[in-house]
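Before anything else, here is the set of structures, which you'll find just below.
Shared between the two complexes below is chain A, which pairs with chain B and chain C, respectively.
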Partner chain A sequence: MTRYVYYLMVVNMLVNVFAYVPSILIEHRFDGAIMSILLGTLIGSVLLLLFVGIFNRYPAQGLPELIGQSPFWLRAPVLFGFSWIWFAAGAMTLLAFNNVTIRYINPDISGIHMMFIYSVVVLVILAFLGSDKLLMLLEMILAINLPLVLLIMYHAYINKAITWPSIMEVLSYFPDPPNWRAVAGVTFTFSGYIGLLVFHRVINGKIPLRKLWALPVLGLVNLATTFLIPVGFHGADGVGDFTYPWVATADALRMDYAPIERLITVFLVLYISIALVSVILAWHVSFELLQSVFRLPGRSRKVWARARFAMLFTYGTVIIWMENQFRQEDIFAFGEAWLQIRFVAELMLACVLIWLAMRRRAST
Partner chain B sequence: MKPSPLLEEIRWIEDQLGSQPDVVAQEIRTGDIEARLVYVCSLCNEKLLNEQVLRPLFAIGKQSEFESYLLSLPRSIPYPGKEKSVHELMYGYALLLAGSCVVLLDMREKKNSAVTEADVEKVIQGPQFKLSEDLETSLNLLRHRYHQPSLFMEKRRIGTASLTEIALLYDKKRIDPHTLELIKQELDQVQTDVLFAAGQLEKLMAKRKRKLFPTMMTTDRPDRVALNLAQGKAVILIEGTPFALVAPTVFYDFMSTMDDLYQSVWISGFLIFLRYLGLLICLLVPALYVAVTAYSPELFRVQLAFSVAGSRVGVPFPAFLEVLFMLIMMELLTEASVRLPNVIGSTATTVGGLILGQAVTQAGLVSDIMIIIVAAVAISNFVIPINAMSFAVRIAKYFLLACCIGYGIVGLVVGSIALVAYIVRQESFGQPYFKLFFVPTAKEAQRLQGGRSG
Partner chain C sequence: MAVGVLFVLAGCGYKDIDKRFFVVSIGVDKAVKEELAYTVILKLAVPQANIKSGAEEFILVKEQTNSITEAIRIAKAKVDKELDFSHAKLIVFGKEVAKGDMRETIDFFTRRRDIQGIAWVGVADPTAEEVLALKPKSERLPSNSLFLSFGDTGTVSPYIITEYMFSFRKRLYERGLDPILPIIRVDGSNLFAIDHSAVFDKKRMQLVLSPKETALYSVLSGRANRADIKIKRENGGEFFLAMDESHTSIKLKRGAEGWMRIAIDMEVEGVVEEVKGSLPANELGEARKEAEETLQKEALNLLLKLQKHGLDPFGIGLRYRGSHIGRSDWDDWTTHYPDAAFDVRVDVIIQTTGGLH
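And now, the complex of A and B:
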């Protein structure tokens, strides 16, 4: 079962190819993006090792179980706060890909309508599938999408239109000191380990730490592709003009010998499926954490089922409200603010986990 | 002489059976034996009865000797009481009262024990015959393919009216006790009047009645059943149908044929690939056609998009009506050719083929490309080897089609994810139904090893 950790990490990396992270990195391409990528990878890997290391000690336990014995004033805010931070993670992805959908695939449909469909599907899947089943779903969807990822990467890298000098130019800004916003963005691509907070309940067995080396490497390759390929296609200067640099890049790719000529549709199909699964996972983490705050002994199943329904209904209402309120710039502003809040919160969570582990060790 | 209480009971049983023309109740006297024989002649083998009971009776002629002969006869079972005896008489047992001794004699005769060629699940090179409609014959076929003393069997009767005999078979050393317990529980809660077929039992056993995908496999191949026994699965044989139920089963089982085992690695690999390709074509192509023609014609390279649009020029409907129309026609054709007797069957296919293939396009109701799509869907649907799964996929493609009618390519992607989530959610007796790798857990591996060395 330990292989599911890799999937959690990979899906988080892939989903960030599309929206916020490339825009942030490209914005800072002349002041510290490269250094931020390196520093972010380092921080991300350390946090990954830390989380996996701590959870390895407590087999089949998630954050709610780990934090279970601590006082209510600590337990409730941590669980509740993280629940909403991960709700926001899903919401951010959902808002961005809803925006892409109505812009590039179904322009005839209103944003609210499309968002309604997406959120209903996500919430129904959340209501019916448990953690173990969701991991199987994730594995399936990744396996189905893997050929598409490889296809797009292959066509991106062999494309003759890439201007390598532009890439070299951006790379030459290597010595610039890292930028806070970019680091926050880069570390998010590695934060698939947050899934462990809930999914570790169903991951049996120790996750071998030594085999995790593949993840930073994958993450680095992923970030390099995310950042440098659009630069190569649109030039070091021109790339700054796009809202969704990767959609523009995918639109520049074409296949010679297939019934499908433009890779843009393939890219969007891939994007929707990866993003949808990532939203489902993020909200599942959020949903389980939220439930653990309210789960008290002695509540009947019927009351509990209603409470679950109320929680999911709240999720749906909030996301529809957000879609109604936010314009495109708001979505991006929200995403960036969230990335920074999340980074700080994640560091705090790491401290809490270390403290919990030390306390547990002291008590035994 | 006052009638003994046993004779009273026999009289009661005879009353229960009534004076049907095929009920035989006979008094026999010879030497010092006074015997009474009751049976239903339409269920019994009278020749056997004659040879094993009546002749010895007259040859021995002595009460005590005949009693010991009866009790040592392998076909005899002790008298189980009057209510139960009535049941057993209805299965083809004969009741014999000789002096103070009552026995039931197994004189069952089954006319449907023929073993015929397997015609539902065909293989090219492999065992050619299927299980029999008779339970004992099927057991014989299985035991001859699986010579293990650890092959356990439990018989039950299901159905308040039909009282159909079923046999639950499993290899004690290989089956997971928890799974077995679940299967037995499900069997216990089955309530029905009549039971005639494997699919019916599956439906009755299922906790959630409205599921689309089969979670138990129906097969009539003895080699597949034996293989599944060796894999630690349980098999349910049902009297009166050649189909057996196998549980637990996962999605991949429905995409496998026995040929996969009999062919070389590359050939079977290629065949499996073909099957999954068929699955994808059948599920996705009609939906994709609607999504591309109605929503995103820019998906295809421009020449192809033009030729699709060109062939649709004369068609007066939107794409989804065209697809629905043709798919329904195809389903009707399939259904008609299943139900028709063989003699008329070819007419249906010829007429249907002509109408679908030629006249419809010439009348301008449907585009040429649509014909190709419908044919591809129909053919690839038949590539799925297990019938129940092939039916499920036939239905599932309409779900994806509906998603595409509403939302184009996005609908296709979201619908596919929902479909995968739906399949992932299924369970077959505690086993996950659909995941990418089925790696045996340490416990399973140990069990398999134990099974091999034992």
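And now, the complex of A and C:
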């Protein structure tokens, strides 16, 4: 079962190829993006090792179980806070992809309607599938999509239209000191380990730490792709003007003999399915954490079912409200603000975990 | 219940294919009226039951306005079906428009979601209208012969520069890499001639390259690796070398006092395709030298011509930027490029003299 850790990490990396991270990195391409990528990779890898290391000690336990014996004043804010932070993770991905859908796939549908369709699909899956089933869903989606995504990436790398000197120009800015916003963005691509907070309950067995070396390497390659390929296609100077650099990049791909000449359609459909899975996973984490705050012994099943429904209903309402309120610019502002809050929160969570582990060790 | 809601949501956002007009190519000319900016020409394909060469039908919708958006709005009011731009694979700019601010002109095309980034771009001489109105005898579908010329599936020629919209935009903005577009002319009444090319600065068309220069550019920049070159022999005869393979490397060298040398190494392998006069086997070594000298001279002339106009479609400036750390590299380049020296070295290998020797 330990292979699911890799899936959790990979899906998080993949989904970030598309929306916020490339925009932030490209914005800072002349002031510290390269150093931020390196520093972010380092921080992300350390956090990954830390989270896996701590969860390895407590087989089949998630964060709610780990934190279960600590006092209410610590337990409730951590679980509740992280639940909403991770809800926002799903929300920002969903908002961005909803925006892409109504902009590029079906411009005749209104944003609210499309969001309604997406959120109903996500919430229904959330209501009926447990952690183990979701991991299997993730495996299937990756098995179907990953080869096609790799094909498109390969096609992008060998494309004649890519100007390598532009990429070299951006790389030549490596001495610039790292940038806070970019580091916050970069570390998010490694945040797949947050899934362990809940999914560790169904991951049996120890996750071998030594074999995790592949993930930082993959993450680095992923970041290089997400950042440098748009630069190669649209130039070091011109790439900054695009709302979605990767939509513009996918639009620059052409396969002469493929059934569909324009790869952008294929790319968007692939990415929407990957994004939906990632939203489902994020919200599942959020949902489970939220439930664990309110789970008290002695409540009847019927009450509990109603409470679950109310929680999911709240998720739906909030996301529809957000879609109604946010325009494209707001979505980006929200995403960026969230990335920074999440980075801080994740570091705090790491401290809490270390503290918990030390206390447990002391008590045994 | 949730699934039930989905059925209620199903709208009618989609128009059937028979309610659509497919725009196959877009032309932008300078308006005839003084006070207006553009004449926009949309070429709409008219579907036909049986497809025959030369019997294709299309409609040209022409609008004179100040912006491309307005032109399309008015065009929409003139036709009975929805305009669909998803198959607009070619965008041609009239020569006069190309001499204006191109950054402004292409803004519409990169901003709109339904215009392809992989649409081919060209300059029409003299007007886009003339190019779009032509109906070549061999054409089965509207605009298809130009699509075949630019794509890799049809003819391949070093004289035809292929440029996509996204790449043209990149070059308009990238310091150190200047845009180059093919020039499409109507030759006689029934054929396109695409053998010249236009080099742009960061805004407008500046220089027209002859067919010979265009082919040399294609080879030197790696866009094409097959081209024919005519080599005059010292004994008065001449022969033609068909390149099979070519490889160019550009290196920048910089001395202490700020002078710059641009070293260009070219390796060419080719086949003798036609001989006028004589080319005996024992003179092959000499012929090779002559070929090297000819190519070297021609390449140097092209580079010097571009340097004189301050243009750089090879992207040498971009290489300079990429290989130097710091923010001042672009200023360095602009001060040194005008008096940089070129070192062109050519290596020719003649594989065979063909079926005759």
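We take it that the second predicted complex is superposed on the first by the 364 of 364 C-alpha atoms of A that agree within 3 Å, B and C clash if a C-alpha of one lies under 4 Å from a C-alpha of the other, contacts with A are read in each partner's own complex, and residues count from 1 in each chain.
Basically, contacts are C-beta pairs under 8 Å (C-beta built on N, C-alpha and C of every residue); 3 or more make two chains touch, one makes a residue touch a chain.
As the structure is a prediction and not an experimental result, all values here were calculated from the model.
Novice: Is this a clash or a fit when chain B and chain C both end up on chain A?
Specialist: Aligned on chain A, chain C fits beside chain B.
Novice: In the overlaid three-chain picture, which partner chain does A:175 touch, first (chain B) or second (chain C), both, or neither?
Specialist: It touches chain C, and chain B stays clear.
Novice: Could you tell me if A:262 is touching chain B, chain C, both of them or neither one (first, second, both, neither)?
Specialist: After superposing on A, A:262 lies in contact with both chain B and chain C.
Novice: For A:71, using the defined touch cut-off, is the partner it touches chain B, chain C, both, or neither? Pick first, second, both or neither.
Specialist: Neither: A:71 stays clear of chain B and chain C.
Novice: Quick one: classify A:117 as touching chain B (first), chain C (second), both or neither.
Specialist: In the superposed model, A:117 contacts both chain B and chain C.
Novice: Contact-wise, after the overlay, does A:248 reach chain B, chain C, both or neither (first, second, both, neither)?
Specialist: The second partner, chain C, only.
Novice: Applying the document's definition of touch, where does A:109 land relative to chain B and chain C: first, second, both, or neither?
Specialist: After superposing on A, A:109 lies in contact with both chain B and chain C.
Novice: Hey, is it chain B or chain C that touches more of chain A?
Specialist: Greater contact footprint in residues on chain A: C.
Novice: Taking the superposition as given, does A:166 touch the first partner, chain B, the second, chain C, both, or neither?
Specialist: Touch status of A:166: second partner only.
Novice: Between the C-alpha centres of chain B and chain C, what angle is subtended at chain A's, in steps of 10°?
Specialist: 100
Novice: Rounded to a whole Å, what is the shortest Cα gap between chain B and chain C in the overlaid structures?
Specialist: Superposition on chain A places chain B and chain C at a least C-alpha distance of 5 Å.
Novice: Do chain B and chain C touch any of the same residues on chain A, and if so, which?
Specialist: 106, 109, 117, 124, 261-262.
Novice: Which chain B residues qualify as touching chain A in the complex?
Specialist: 295-296, 298-302, 304, 407-410, 412-414, 416-418, 420-421, 424-425, 432, 434-436
Novice: Write out the stretch or stretches of chain A touching chain C in their complex.
Specialist: The touching residues are 30, 103-104, 106-109, 113, 116-117, 120, 123-124, 160-161, 163, 165-169, 171-175, 233-238, 241, 248, 251-254, 256-257, 261-262, 264.
Novice: Considering only the defined contacts, which chain A positions touch chain B in the complex?
Specialist: Those residues of chain A that touch chain B are 101, 105-106, 109, 114, 117-118, 121, 124-125, 128-129, 132-133, 136-137, 139-141, 143-144, 258-262, 265, 268-269, 272-273, 276-277.
Novice: Please name which positions on chain C make contact with chain A in the complex.
Specialist: Going through chain C, the ones touching chain A are 2-3, 5-6, 9, 11, 13-14, 110, 113, 116-118, 151-153, 164, 166-167, 169-177, 223, 315, 318-319, 321-327, 329.
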